[in-house]
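Okay, got some structures for you below.
Each of the two complexes below includes chain A, the first together with chain B, the second together with chain C.
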Partner chain A sequence: MHIPDGILPLAVCGAGYATTATLTWYSLRQIQRRPDPHAMVPRAALLTAVFFVASWIHIPLPPISVHLILNGLLGVILGWYAMPAILVGLFFQAVMFQHGGITTLGVNATLMGLPALLAYGLFQLRFVLHLTGRFATGAVAFVAGALGLGLAVLLFYGVLVATIPANLDVATEQAALTLIALAHIPVVIIEGILTTLVVLFLLRVKPELLTDNAPVGATALLSEQG
Partner chain B sequence: MELWLDQYATVQSPVHRWEARCRFVGVLSLIIACAAINHIALLPFAVLIVGGYYLAARLPLSFLFTRLRYPGMFLLVVVAVVPFATGTTVFVQAGPLSIYQEGLAQAALIATRSGCILTLSLVLFGTAPFLITVRTMRALGVPALLVDMMLFFYRYLADTAALLTRRQHALRLRGMQTRRLDGRTLPTVAALTGSMLVQSFERSERVYHAMRVRGYGQAVAPPTNPPIHPADWLGLAATLLLAALLVCAALMLG
Partner chain C sequence: MPMRLVLLALWGALLLMPAGASYAHSVSVEHTLETVIALAATYDSGEPMAGAQVTVYAPNDPTTAWHTGTCDEMGRYRFAPDPALPGTWTIQVRQAGHGKTIYVEVGSSTTPATSAALVQVGSAAPYTLLQLIVMGGTVVWGCIGTALFLRGGAADAYS
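Coming up: the complex of A and B.
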């Protein structure tokens, strides 16, 4: 799902960096509003490392196996730190493992980061809608996890289709990209299920991981509900 | 897991001796120039320039070939598919298959552009210790919070990878099937991921408190950057000129 170097025109790479810079700037502004913005930095970095290595876990999906992306879950847990976390993770993937690329870092960070922030927003909606029971939390987590990857796939598809060079066989390329996008549907469902299971696990074992990024008053609401 | 970033950081070469900020800006401008190439006539020039910088950095070719392994698979697919699927002017006809001239040009453009950018990124990140690279990024205006996250991430990545390996070994010893998707696969992977998140969360709390005791989060004096010598400026000016020439040529041919 990472777009490598050399594929996209320079203008698209530039637009990707501009979008990523805007999203990161806005996220950092939200983080700076916290009483102690430094307090969450080690946590965000260490959890980013977990998400990074968790993406190496392969789920058997005969006849192939797929690896996890987990950007929806990352958004749910890290909140506004998701965008810097994704940027850092993708930067390391590009310079250490040559997955993705330096010129496409902005585009890739937007493809992963924007859905992660939307997944965070969706997951926090449960406080507004008072859907904080175990079943409702699991259901919202499923939608957030599936939305995270599903939207990333759609953006990936959109960027590639929109930037196919004019001298390429557009119909063939579109058909191939559509096939790739459709092939991700089972993975989107798996990510949704996995997000639900991890969120329910954390709700049972370490609920602070889910509530530290919650809006003001949400923790009190959860305490009231026991 | 091999954290390779510092593998050749102490080699003696003109690129290694080049002041870090000048090297960062210069090589990055060349990367942008390579991304701007849109005509195959420019590819030999790009290869010559990039090859020159790689040789000047005295990085071994084995380093490049090892790093090309993963993107190489992608490039192989491009080279294997695009010439057959793209274009109208038949270059070679082999039975039912036709290799098109436009497809060949496009495959050469994508593969060479990608290879050049990758080679330059090795020159950029492989010729200085990672901590110097991060300090340079901070000096060039990357936000402090991002830099802190990068340093923590770099410090704990190997530990987290080792933790995953240990957990996976333990799961296999307890009979987990890794090649079959059954009702237990996803709950097990979720428990594995969740327990790693919890463990890292608790560790991060300890790390944060230890850092606070050492003054983390307090205002610190800005670090003093080493001086930039005339030779560094000259190297930067020459590199920027090469990059500008490539971009101008790409604009004219495009």
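Coming up: the complex of A and C.
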């Protein structure tokens, strides 16, 4: 689901870089405001490696094969750190393995980073909605993990359908895009389950990993709930 | 008498028949040697890009499609570039937002040739498996090294 070089018009690539720059700047600003901005960098580095490797895991769904993205998981675990982690991971995937592209790095980072941040926001909603029990946390994690990839697929589909060149058979290309979008439905569910499993595991062994990336207000709410 | 006239008329018609008509069942075969570019497009998983759309741009106009076509079930496509247009031909193979652009040099030489190009989408085709593992390992180790470096509080020394 990485858009390679030569597929999108230059203006769209430029807009992708602009949105990625804005999202990254805002994320770094939020990170800088934390009491210890360095504290979560090791975790972000490790999950960058996981994100980098995940795209090698292909799931054959004839007639095509798809691969894991894990942007929702990164959003849930890393919060604002997810955006720079995804950007770095995509950069290495494009430079070393031509998976994606340099001109489309901005677009790809927005397609995967923005849903990751929304997944983070959704996961933090559990504090507001008082869904902090084990079952409720797992359910919210599933929705957040699935939303991360689901939204990325919708953005991928929307960007590519809107920019099909006139010299191509538009109906054929649109049908192929619809097929690849539908083929991601099982992956959306798989990533939701994976996110749930990771969150439930962390909840058991080291629950602070799920709360130390929460906004200050949410943490206070959690401590009030005891 | 009438019979003799009929035979005479038939003989005359035979003589007056155009010469070309007497070769109606013959075959003319001409041949020219052409440069052909043969593509084989696959995804990085090895699956052929069946039905992928091919767009060809000639060297003299890299913005207007010179030729368009569709790959077969095995992801193969062949076309003959115009020998009057030597230079770099741009070929894009695309399907469902995935694709690759390759550049094939067609010389001005009159010697015909078949140029075979493997279009492998989304992959690092030139690398061996060992190279891929080493390259991937360096990135993963870079991330782990960063994590280990900052975990021990080393960041405080540099902040």
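FYI, the second predicted complex is superposed on the first by the 201 of 226 C-alpha atoms of A that agree within 3 Å, B and C clash if a C-alpha of one lies under 4 Å from a C-alpha of the other, contacts with A are read in each partner's own complex, and residues count from 1 in each chain.
By our rule, a contact is a pair of C-beta atoms (placed from the backbone, for glycine too) under 8 Å apart; a residue touches a chain by one contact, two chains touch by 3 or more.
Bear in mind the structure is a predicted one, so any value in this text is a computation, not a measurement.
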| task | Superpose on chain A as described above, then tell me if chain B and chain C fit or clash. | result | clash
| request: Figure out whether A:Met96 sits in contact with chain B (first) or chain C (second), or with both, or with neither. | output: both
| request: Check whether A:His38 is in contact with chain B, with chain C, with both or with neither, and answer first, second, both or neither. | output: both
| task | Mind working out whether A:Val128 is in touch with chain B, chain C, both or neither, as first, second, both or neither? | result | neither
| task | Would you check which partner chain A:Asp5 touches, where first means chain B only, second means chain C only, and both and neither mean what they say? | result | both
| Of the partners chain B and chain C, which touch A:Ala49 in the superposed model: first, second, both, neither? | both
| query | Of the partners chain B and chain C, which touch A:Pro84 in the superposed model: first, second, both, neither? | reply | first
| task | With the two complexes superposed on chain A, say which partner A:Lys206 touches: chain B (first), chain C (second), both, or neither. | result | first
| request: Tell me which partner A:Leu179 touches in the superposition: chain B (first), chain C (second), both or neither. | output: second
| message | I'd like to know which partner A:Ala162 touches here: chain B for first, chain C for second, both or neither. | response | neither
| field | Most chain A residues touched (candidates chain B, chain C) | value | B
| note | Both chain B and chain C touch chain A at residues 4-7, 38, 41-43, 45-46, 48-49, 52-53, 56, 58, 60, 92, 96-99, 165, 167-169, 172-173
| said: Under the definition above, what is the set of chain B residues touching chain A in their complex? | reply: 3-5, 28, 31-32, 35-36, 38, 67-68, 70-71, 74, 82, 85-87, 102, 106, 110-118, 121, 124-125, 143, 145-146, 148-154, 156-157, 159-161, 163-164, 168, 178-181, 185-187, 189-198, 200-201, 203-205, 207-208, 211, 216-217
| field | Residue ranges of chain A in contact with chain C within the complex | value | 2-7, 38, 41-43, 45-46, 48-49, 52-53, 56, 58, 60, 63-65, 92, 96-99, 156, 160, 165, 167-169, 172-173, 176-177, 179-180
| query | Which of the residues in chain A end up touching chain B in this complex? | reply | 4-10, 13, 24, 28, 31, 36-39, 41-50, 52-54, 56-62, 68, 70, 73, 77, 84-85, 87-89, 91-92, 94-99, 101-103, 165, 167-169, 172-173, 190, 193-194, 197-198, 201-202, 205-206, 208-209
| For chain C, which residues count as touching chain A in their complex? | 43-45, 47, 50-51, 53, 55, 65, 68, 70, 92, 94-101, 121-124, 132, 135-136, 139-140, 143-144, 146-148, 150-151, 155-156, 159
